[in-house]
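Across the two complexes that follow, chain A remains constant while its partner is chain B and subsequently chain C.
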Partner chain A sequence: MNSTVALLLCGPAALLATAILAAAASRLAAATRLVYGATLAISAVLLATAASHLAGNPGEASATLPLGLPWTGARFRLDGLSAFFLVVVNLGGTITSLYGLGYGQHESQPHRVLPFYPAFLAGMNLVVLANDAFSFLLSWEFMSLASWALVMAHHRDEASRRAGYIYLVMASFGTMALLLAFGLLAGPAGTYAFDAMRTAHPDRFAAGAVLVLMLLGAGSKAGLVPLHAWLPLAHPAAPSHVSALMSGIMTKVAIYGFIRVVFDLLGEPAWWSGVAVLLIGGVTAVLGILHALMEKDLKRLLAYSTIENIGVIFASLGLALAFKANGMASAAALAFTAALFHVLNHSFFKSLLFFGAGAVLSATGERDMEKLGGLIHRLPVTSFVFLIGCVSISALPPFNGFASEWLVFQAILRSPELPQWGLKVIVPAVGGMLALSAALAAACFVKAFGITFLGRARSAAVERAREVDRWSLAAMVVLAAFCLLAGILPGFVIDSLSTVTLPLVGERMPVQMAQPWLSIVPIAESRSSYNGLLVFVFITISASLAAFFIHRFASHALRRGIAWGCGFPDAVPAAQYSAVSFAQPIRRVFGGFAFRSRETVDMPAPGALEPARVKVEMHDVAWEIFYQPITGAIDFATERLNHLQFLTIRRYLTLVFLYLVILLLVLALWP
Partner chain B sequence: MNGLTFDIAHLLAGSLVLISFMMLYQDRLFALINVFALHAVVLALSVAWQAYIQDAHHLYITAAIALVFKAIVIPVGLHRIIQRLGIHRDIETAVGIGPTMLAGIGLVTLSMVLMLRVTPEADPLAREDLAFALSIILLGLLVMVTRRNAVSQVVGFMSLENGLVLAATGAKGMPLVVEISVAFSILIAFIVIGVFLFRIRERFDSVDIGALDDYRGERR
Partner chain C sequence: MAVIFELAVQGAQMLVVLLLSPLLIGFVRKVKARLVRRQGPSLIQPYRDLVRLMRKEVVLADNASWLFRVTPYLIFAATWVAAALVPTFATGLEFSWTADLIVIVALLGSARFFQALAGMDVGTSFGGLGASREVMIASLAEPAMLLIVFSLALLAGATQLSTVAAFMGSPEVGLRVSLGMSLIALVMVAIAENARIPVDNPATHLELTMVHEAMILEYSGRHLAMIELATFLKLLLYMSLIACVFLPWGLDGASAGPKALAVGAAAYLCKLAVLAILLAVFETAVAKMRVFRVPDFLGAALMLALLGTLLLFVSRSL
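Presenting the complex of A and B:
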């Protein structure tokens, strides 16, 4: 057994032990500090181990424990891909634990959170390490159940219970799809070790079926449209630091599962598999961000925005599949690196934004943006780091979101070299969808930041808000720093990812750290290059100059206003721009097909005194097209089958008898 | 194996099927029990004949059990129960006799077709025996399905069990035949007749299993 793997396996074991201790001691006052401190330490050790493995590039290491299936054992393996995702998981785990040290103090029922939090972290670590189908599914299901328990932490809330139920149903559906996919991969011989699956190449139909099942299984966990319906319900229902873990990290574990099977175990892809993943990714990105724009609940907005980012990542993975199928290894490496880079970036800024939302929630007790506003005066540090998160997720330079989305578009621009006409047409179309979703994301986060932090307070609770504790602020500042660092040093991240891309797509991106002045050149100098540092310096200088000139010259100019108007146009806070009014133009443009929205104006008769009312009706199309018919059919069938509960004994005997006779008839008539 | 032994085994098994058919059209309980006693006697003869031709002496025990227990003790006991419960006049078939007989013919055809198809290389005696045994089992199930009364369902179950014993003895070298038949007999004797009937008698003053449905508060 390799010592690195052994150390990495001790981590989840220690986390599980923490979970058990937390269950025993969760009612103690010091339990919150102890549990989050322990997970912080364990995650930091795991992070250091995985990062040093990724940086040192010593190849693969594996271990087999005498647990699980008797002829397979519990196999674990560490390679570039799992090391990278271990870094993502444990970086998130470390910072979330840091945040939890402060945020966890506000938890009203800590015994419902503390035991499951370390277990959730352990489950995610084990999924990434697993090297046979049994361990993988077991860890996956463990991760799902632990996160379900965390969603149900506030179970007295009706909405949380509903979210938990839908999440449980979707999670078991996803695991069923994964189970079938592994069954197909194992083949008739039933070899459940990943090493054996890697060498056995399934035929075309089986490979296609595995791809579809992985899109269903991993996609439902990651939040692909139309399997996303549970995500905006479940992620916000959990405590905010757990929301950050679920949205920022668990969706990445789902992406790991997809990459592990489709890029690693399945062998050579067919070109149309890229088309399927691309299209689903593009549609997911656009629909996710449109839903986010329509939201006025801050945490649900963030959850929908996760769906958009998952769409971007899947589109990029689809592109990598298409390039790989056509033997364009360097382009595949570019698209694949872009996807992984975005995985890392999204884990940074989505955690940061959920932490910010949690800070707003603990300071004001509100998630509804229509009741917030003006928080920049009350929570100056939180609003600053939240702004950095918003800028990063809107893919504005010099932050990290721009770097990874720019790489995605660089990969899309290589699509004319693809031989299939279908791909030549579809890839630019998906590129257009991604560009649209990037623009909408910017609008969405202008809204999220502007309505929440700018303007004037819309409720009394906001006016009394106080800045949150130091642990939470430290966690958010660290993440904001990561966002900036990954944005101005993208070459470092890209070079670290080379050990991941090389075995999976057969090529790596050119070495970026060798470029002068921290530029990145994904293809060739003549085509495109980006220098985050230069942009950062330019923006800093120009913004400082602009601020200087405004303060130096503009502030002294004479301005006139209404007497006693205090410079505001209207004294009522409700007259400000609201979240809904900000989104209204976009709803007018896209609402017709995306939400089947309808606006009706209820105008009173002339002379009547009641106010006119504008009603907006919106539908979740995916819910109505996919979920309601299925639940309806299940209800119908169970209602009919319910009668079987109440038959007479003779009728039961008759049923058994008829079944026997039918079986015998089949046997008799079988050719 | 000479022709005569085969013919006699065939005759006995065939008569069991015939008697199963006779059970199908009995609509009085006493008549049904009498026919069942006849069924058990023929079974005992058939098992004894198998014991003789296979030279398997332990099968004589099975034959003796069938004769004493199923042909004498249980029918006498059932007669008494019926008299005590006063249900000897009940006419209790749920399905008409015509359709039941047609269904029975269909079942026998099915089992013949099936058995002769799936066992082409088996010993012809065992093959015929199995086909007849399957017919008896299916006819016993048919009796259970088409009757409302608990007593006649027990009779149907016992004729089904006779089919099982016939199948077990027909194949040469079947292990634990005696033990299985003993176990079955004990099951019927104690659980089914004793507990089942007296429970119904105490609680509902009837042996019509429709009363159970009323007790469960359900509609028919």
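Presenting the complex of A and C:
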């Protein structure tokens, strides 16, 4: 057994041991500190191991443990892809544990969180390492169940219970799809090891079915539209640091599952598979961010924005599939690198934003943006790092979100070289959708930051808010620094991803760190280039020059006065723009087809004294088209079958007899 | 030596855009005034306005935060950097590879992001109104802009503006329908981005109609000067962009020597003058539209850009 893999397997074992200890000792006062301290240390060790494997590039290593099914054992394997996702998982785990050291102190029922948190981390680590269908599915289910327990931490809350129920149903559905996909991959021989699946190439029909099942299975965990319904319910219901793990990291583990099967095990893709993934990605991105814009609960807004980012990643993966199917390896490497880079970036800024939302929650006790406002005065550090997260997720230069979206657009611009007409027409349209979702994301996070942190306080809770503890602040500051660093040094990330892309798409992006001034040049300098570092330096210099000039030559006088209110003094804070009113223009533009929204005005009769009321009616279209018919059919069927419980003995005997007759008939008629 | 020359040219471009942009605004205002038979303020009035604003005290709302005070500098810096990266009188400047067209558009997006936040900082209805309308307009203008970039990149094989300009100046371009569509779409986006009539009125202070002015209503003194200068720079940026992509005559590489640069500078001034006159005539001829007509206007730009791209595919395969 390879020593790196052994070390990486000891990590989850240690995490599981921590979980058991935590279950035993969770009522102790020091338990919170001990558990998060232990997960912090274990995750940091795992992170260092995985990162050194990724940087050192010593190839693959595998191990078989005598666990699981008898005589077969559980296989584990470490390659570039697993190493990269281990870095994502454990970086998230490390920083979340750091945050948990402070935030966990506010938990009213620590015994419902502490045992499951290390188990959740262990599950995610094991999914990424698994090398056969059995251990993959087992770890996947373990991860789902641990996160379900965390969603149900506050199970006395009706909303949490509903979220947990829907999450459980959707997770079972997803696992069923995965089970069928692995069944198809295993073929008639029933080879359930990934190594055997890699060499066996399924026929075209089976390959198509596997792709669809993976989109259902991994897509439901990642939150692809229309399988996203559980995500905005479940992610915000968990404690904030677990929300960060679920949104920032667990969705990435789902993406890992998709990449592992579709890029690695399935062999050469067909070009139309790229079309399917691209379209779903584009639609997911736009609908996700539109839902986020309509939201006034801060954590639900973040969860919907996760759906948008998943859409961007899937669109980029679809592009990589299309390029790979046509043998354009360098373009496929570009699109694939862009997707992985966005995976890393999203894990940074989404964790940061959920931490920020957690800080707001612990400082004010509010998640509803309509009751917040003006927090920039009360929480200076939190508001600053939250702002950095907002700028990064809105894909604005020079932060990291822009670097990866720029790479996605560069990959889209290579689509004219594709031979198929379908792809030629669809890719620019998806490019337009991604641009639309990026612009809407900027709008959404102007709203999120503007309503929560700016303006005047909308409730008394805000006026009592105090800055959060140092552990939480440290975790957020570290993530904000990562957002900036990955934005101004994208070449470093791109080069570290070369060991991941090379085996999966057969090519890597050109070496970026050797470029002059550390710019990134995906194809050729005359074609396109971007230098985040120089953009950052130029903006800093220009802003400093302007500030210096103003300081030197312009007036210094400053007077505080009341804000201009058209001559009406002392407008109440409720007169400010709210989250709903901020989104109103966009709702009027896009709401018609995205939500079938309708606005009606109740105008009182002339002379009547009651106020006029505006009513807005919005529909979750995906819920109504896909879920309600299914739940309706299930209800209908159970209603009918329910009668079978109350039959007399004669009727039961008749049923048994009829069943026997049918069975014998089938056997007799079977050719 | 060559490096120093190229750095000097780059520096000159930064200064040119900074110093020329108020003059451009002054020129547009002058032409507009003349078109309605007014005398109009002097050409250098925008400079005077800036100097006067710099000398005045700042009146800050009681609950304005640090973000409100930092934002003018950020907006100015992002816009200035973006404007300095668009080729004006020469292509292929020392730092032109720092950013391609997508980055330049995104830099303006950064400026707008902070402007909208600053609008919401004080907590008056005006700021929120301006910010929410501004992001609505941007959410349609940005995809249209990206599709324009896409069809340009399809033709020129690059998003690097210097390469695009060189390609558009070469004889192999010819006359294309999709280029015409892209030009119209780009002009529409430029009008929306610069808050000009018919999308927004830069001269109004009537609350119900304004977008950009509503966001900056609370600004005064030196802060307002910075924001105004950034607005001027943005107009110059879009005019330079249209000039360098669709009117690339007289543009030459930065290393071509002083004579070619002088020709480029003269050509650039002529192009700006022509575009400014066209803008003034257009603004005088049309009326401002209602806010909720703007999505139709920008939707048309989006569709034109998409059609241009698709037409390119069709014409290429024939």
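Rule of thumb we're sticking to: the second predicted complex is superposed on the first by the 642 of 671 C-alpha atoms of A that agree within 3 Å, B and C clash if a C-alpha of one lies under 4 Å from a C-alpha of the other, contacts with A are read in each partner's own complex, and residues count from 1 in each chain.
FYI, a residue touches a chain if its C-beta (ideal position, glycine included) is under 8 Å from a C-beta of that chain, and two chains touch if they have at least 3 such contacts.
These numbers were taken from a predicted model, which means no experiment stands behind them.
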| Which of the two, chain B or chain C, is in touch with more residues of chain A? | C
| task | Could you look at A:G450 and tell me whether it touches chain B, chain C, both or neither (first, second, both, neither)? | result | second
| message | One more residue to check, A:S172. First (chain B), second (chain C), both or neither? | response | neither
| request: Report for A:I649: first if it touches chain B alone, second if chain C alone, otherwise both or neither. | output: first
| field | Touched partner set for A:A395, first chain B, second chain C, both or neither | value | second
| Of the two partner chains, chain B (first) and chain C (second), which one does A:N531 touch, if any: first, second, both, or neither? | second
| task | Would you sort A:W564 into first (chain B), second (chain C), both or neither based on which partner it touches? | result | second
| request: State whether A:A546 touches chain B only (first), chain C only (second), both chains, or neither. | output: second
| field | First (chain B), second (chain C), both or neither touched by A:L660 | value | first
| For the chain A and chain B complex, residues of the former touching the latter | 646, 648-650, 653-654, 657, 660-661, 664-665, 667-668
| remark: Listed in rising order, chain A residues that touch chain C in their complex are 373-374, 376-377, 387, 391, 394-397, 402, 406, 409-410, 412-413, 416, 421, 424-425, 428-429, 431-433, 435-436, 438-440, 442-443, 445-447, 449-451, 454-456, 517, 519, 521, 525-531, 534-535, 538-540, 542-543, 546-547, 550, 553-555, 557-566, 571, 573, 575-577, 581-586, 588-589
| remark: In the complex, chain B touches chain A at residues 94, 107, 110-111, 113-114, 117-118, 138, 141-142, 144-145, 147-148, 153, 209-210, 212-213, 216, 218-220
| query | In their shared complex, at which residues does chain C touch chain A? | reply | 54-63, 65-67, 73-74, 76-78, 80-81, 95, 97-100, 102-103, 106-107, 109-110, 112-113, 116-117, 120-129, 131-133, 135-136, 138-143, 145-147, 150, 153-154, 157-160, 162-163, 207, 217-218, 221-222, 225-226, 291-292, 295, 302, 306, 309-310, 313, 316
